[in-house]
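Next come two complexes built around chain A: one with chain B, the other with chain C.
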Partner chain A sequence: MRLLRVPPWAWIGGGLIALLAFPIVQRGQYYQHLMVMTMMAAVLASSWNILGGYTGYTSLGHAAFFGLGGYLVALAHNQFGWHPFISTWFLGLVVMGVALILGWIALRTHGSAFVVVTIAMVFIFRIVALNLGEITNGARGLTQPRPGWGGVQWSPEIMKIPFHYIMLALLCLTVLVSWRIRLSKFGLGLVAIREDEGKAEAVGIDALVYKVLAFGISAYFVAVAGGIYSYFFTYIDPQFIFNIFTSVTMVLIAILGGRGTLWGPVLGAFIMEPLGDWLVGTFGGTQIHLAVFGAILLGVMLFMPQGILPSLSDWLKRLTRSRGAGRLGPEPGAGQDASSAAKT
Partner chain B sequence: MTIPSTHLFVQTLILGVLVGGVYALMASGLTLIFGVMRVINVAHGAFLILGAYCTYWLFTLTGLDPLLSLVITVPLLFAIGWVVQRYLLTRIQNPEQASVLVTFAMAITLEGLMGTVWKTTLRTVRPDYASKVIELASYRLPVTRLAGFAAALIVLILLYIILQRTNLGRAIRATIQDRNAARLVGVNVEMVAALTFGIGIATAAAGGSLLSMIYSFNASSQTDWISRVLSIIVLGGMGSLPGALLAALVLGVMEQLTAIVITLYWSPIVFYIFLFLTLIVRPQGLMGEVVREKA
Partner chain C sequence: MLQVENISKSFGGIRAVDGCSMTVERGSITGLIGPNGSGKTTLFNLITGFYPPDLGQIRFDDRPIHGLLPSRICHRGIGRTFQMTRLFWKMTVLENMIVPVRQVGWKTLFSRGVKTHEEERALELLETVGLVGYRNEEARRLSFGQQKLLEFAAVLMADPELILLDEPAGGVNPVMIEKTMSFVEELNRRGKTFLVVEHNMRLVMDLCQYVVVLDHGQKIGEGEPAQVQNDPIVLEAYLGSANHAGA
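Entry: the complex of A and B
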């Protein structure tokens, strides 16, 4: 139990230092790549969580914003020479604008119908990207120049490092915004909508405006991540980037970690992404990895619908309560209790 | 953009209705399942493809006609559906929230398994009448589409008779209207749910068998199909069977019309845009009722 006595800022600080030091300590290309992808998954899931976790509206359409961000950044880079590391931050705002409009329509539906409508979004964008051949190059996809800065290309050995730090910055920003929202009156309104939308409206929350705003914000970080992703891989095509699977992965990670919690999606990403990578590595080439992924999702949904973080804290609470139960007299000192638990 | 002649226009309408009939069959099971169980079965597309593969297998191994193969695929997938509902879906804690993800997990598990067994090659079932065309008052009707439409119609009529004329049908309709009241008057709601899921999957099997001779498919085509049938039932109004039939015909006709007026590639998007515009005006779909969820 001593583990829990560490104050939250120490956990966060420690994690941050570890992530800052990671590419310096770990020189392996494979691990650097995996870490960038893991942090991206954490960004996507945390961002999805702002809508899906706080308001309870399950969107499977966020892949549309991921892909749109990717395409805008790639196009701006190729056409006007805008560097993706800069352009992605404000092109994300454009995507956010699109999301606000789409959300304004989609969020009139509830529950399952909303899920379906958001699925349709992904397909709409995919079909548009496939068919606007003159702009998007259709099914052949878009290629960007090899990553670099100021005309100098980064050599393959150091190429992943800039991406590591920009993704880390995005992750910090996403978690920070998610945290601020959770503490704000706005966030409280979102949670009220999740618990009972009718009653929330009765106490004066304009549910549609709240939901649409949450939708837009949660689309922003996903779009920025999409922009960085398209530059990271220097190649995107409609089938791959507008993929419902991307959406589902966000949802799975958020649920696995703990839907509606601040750190759940981050935790989920650091479990799921390496696991997924391992699955593809082990069963790669065949479609079995898809089946195994589905089976894991099924298992999580059936046996751990709350997610790891809430289940874990429930379990810890039960543990402490059972230790306290049956004891007479005043509560023992908390510190003493913790140290005795750590010894056993 | 080209404006079609009257003849072409009518021809397109006919083709649209024929395709729409098959869509209607595919969507009917999905909307029925939602109506009874409030479960949105994202695995419907995967079951469709499973039905199509069963037909494909029966056809290549034994030469069995795809239309006759319904006799085997429908009961087989009914049984699978019943088992899935009884032993898997009943374990979900809050179906309204989680069912989409659980059935999605089923869909990708099935897709992965089918992809492993049958690889990624696009398949299609081509019986010897596959390229035959019937000409009727100068309009051309492809035999496979006509047969598909006829078969879909027969299955839908059977479904209608089950729903309207049998005790099971009455129990299903009662459960759709009010789950608790149905239970109070003695309906075994759990049994009804399992049977409905079975029937729903059975219609998917029938739809899949018909799909196999009209379109080419592989395991990953399930995502195209699920997005299409899901859009149909949202447009029609979730849980409304007449709504689903209407929306299916709308989709069929619109797809064909877009194909000749603009291009084939844009036809799905026209339907999605239509779906979005409808939702602005009628969030509950064409024939859906306003349901207050989480009561």
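Entry: the complex of A and C
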């Protein structure tokens, strides 16, 4: 139980130092690439979690914001020469505006209807990107110049490093905002909506306003990540970037790590991404990694229905102290952890 | 304070509330009684905006409130509890108390979730209902009676002027009923107005200054408890079954 005595800030500080030092210590292109992708997955899942975790609305539409962010950044780069590392932060705000409008419509539905509406968003965006050939270059996609700064292209050996740090900055910002929300009045309202939306309305929560705002915020970081991603690969096309699989991955990572918790999505990403990469590397371009993901997810749902992080913390709590009295009958609506606001 | 005028609501072919009018006077404890299925809870849901009325008007402080969202009606100063107690089950008792605190403006929205002065007020109220020791427990861990008390106490955090209680004594042990009743009376002395749906006739007769009787979605009688108790129409429709229920 010595692990428990390490204060949270030490965990966070340690992790941060490790990530800051990573590209200096690890020179391998493969690992540097994998780390950028892992941090991006953590950003996507954490951002998705602001809506899907705290509020309980399962969106499969976030790939639309990812793709829109990617396209806007690529277009701004090619047309006006705006550097993606700068433009992505405020073009993300444009995507957020789009998300606020879409959310205002979509969030009138609940449950599975909401899931279907958000899936439709991804397909609509893809179709638009495919057919607006004069702007988006249609199915041929958009190519950006090789990454660099101030007219100097980065050599392949150092190319990943700037992406590492910008993605790390985005990850820190996402987690910070997620944490601030979790501890705020707003976050309390979001969790109340997840627990019982009608009751939340009855005690004065403007549920639609809260949900739309959460939708917009959770679209922002996904869009910024999409912008960085499009520059990282220097090529995007509609099939590739408006992909429902991107959405599904966010959801799976968040559920695996612990939906509705602050660190669950980050933890999930640092498990899923390297694992997925290893599986693809080992078994080649087969679909076996999908089967393994399915099996892992089934296992987690069976044995840790709340996800890894809440289950682990429950387990540790049970080991360290026996709980006091209280009604320990059947638990209404066992499922995800709604935990106290103080939990990080 | 609250005027319900000719309100109607149908579900399919069933007229749950049928041209019902009633008034709740400021500072009163008004009882709403009637046999099962007489439309009491539907009327509650109409007043609090959970259903839009098919016909009729509802005014609160002389301003129409029908057609508003439940959250807006709550902001106007009407709080309610539910027949089947509704709480945020996996949030703590304290968090359940904090959620109803009225938020105004964007700044407070992103401020700390539980502020010190809010916590103090919440703990004070929890003290009154005897739940202060459970503040960090999840709401689902409380007993049924405690859950009812918590729901009631949480409604008070929004500082409503009018409080609608849907069967505060339903399924609760006699000690808890006494507790709830004295709590309601105390709050009433301090100026809160109540509208209470209740099946426990003794409680209604003791607590309420005025009683409205519903049957088949229509008002069939009203008056002071003693008056209503002796109204032959009411007796026929209602008190027979109430006696049967052991009042």
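One rule holds for everything that comes next: the second predicted complex is superposed on the first by the 318 of 344 C-alpha atoms of A that agree within 3 Å, B and C clash if a C-alpha of one lies under 4 Å from a C-alpha of the other, contacts with A are read in each partner's own complex, and residues count from 1 in each chain.
Here is the rule we use: a contact is a pair of C-beta atoms (placed from the backbone, for glycine too) under 8 Å apart; a residue touches a chain by one contact, two chains touch by 3 or more.
It should be emphasised that the depicted structure is a prediction, and the values quoted were computed from it without experimental measurement.
Judged by the touch definition given at the top, the superposed model places A:Pro7 against neither chain B nor chain C. Judged by the touch definition given at the top, the superposed model places A:Gly151 against neither chain B nor chain C. Applying the stated contact rule after C-alpha superposition, one finds that A:Asp196 touches each of chain B and chain C.
Contacts of A:Asp206 after superposition on the shared chain: chain C is touched, whereas chain B is not. More residues of chain A are touched by B (comparison of chain B with chain C). In the superposition on chain A, A:Gly81 makes contact with neither chain B nor chain C.
When the two complexes are overlaid on their common chain A, residue A:Gly56 makes contact with chain B while staying clear of chain C. Chain A residues 196, 198 lie at the interface with chain B in one structure and with chain C in the other. Those residues of chain B that touch chain A in the complex are listed here as 34, 38, 40, 88, 91-94, 96-102, 104-116, 120, 219, 223, 226-227, 230-231, 233-234, 238, 263, 265-266, 268-269, 272-273, 275-276, 279-280, 283, 285, 292-294. Contacts from chain A toward chain B in the complex involve residues 56, 58, 60, 105-106, 108-113, 115-117, 119-120, 123-124, 127-128, 130-131, 196-198, 244-245, 248, 251-252, 255, 286-295, 297-298, 301-302, 305. Interface of chain A with chain C (complex): residues 180-181, 183-189, 191-192, 195-196, 198-207, 326-328, 331-333, 337-341. Contact residues of chain C toward chain A in the complex are 48, 50, 69-71, 74-75, 79-80, 82, 86-92, 95, 98-100, 102-103, 108-114, 134, 136-138, 140-143, 154-155, 158.
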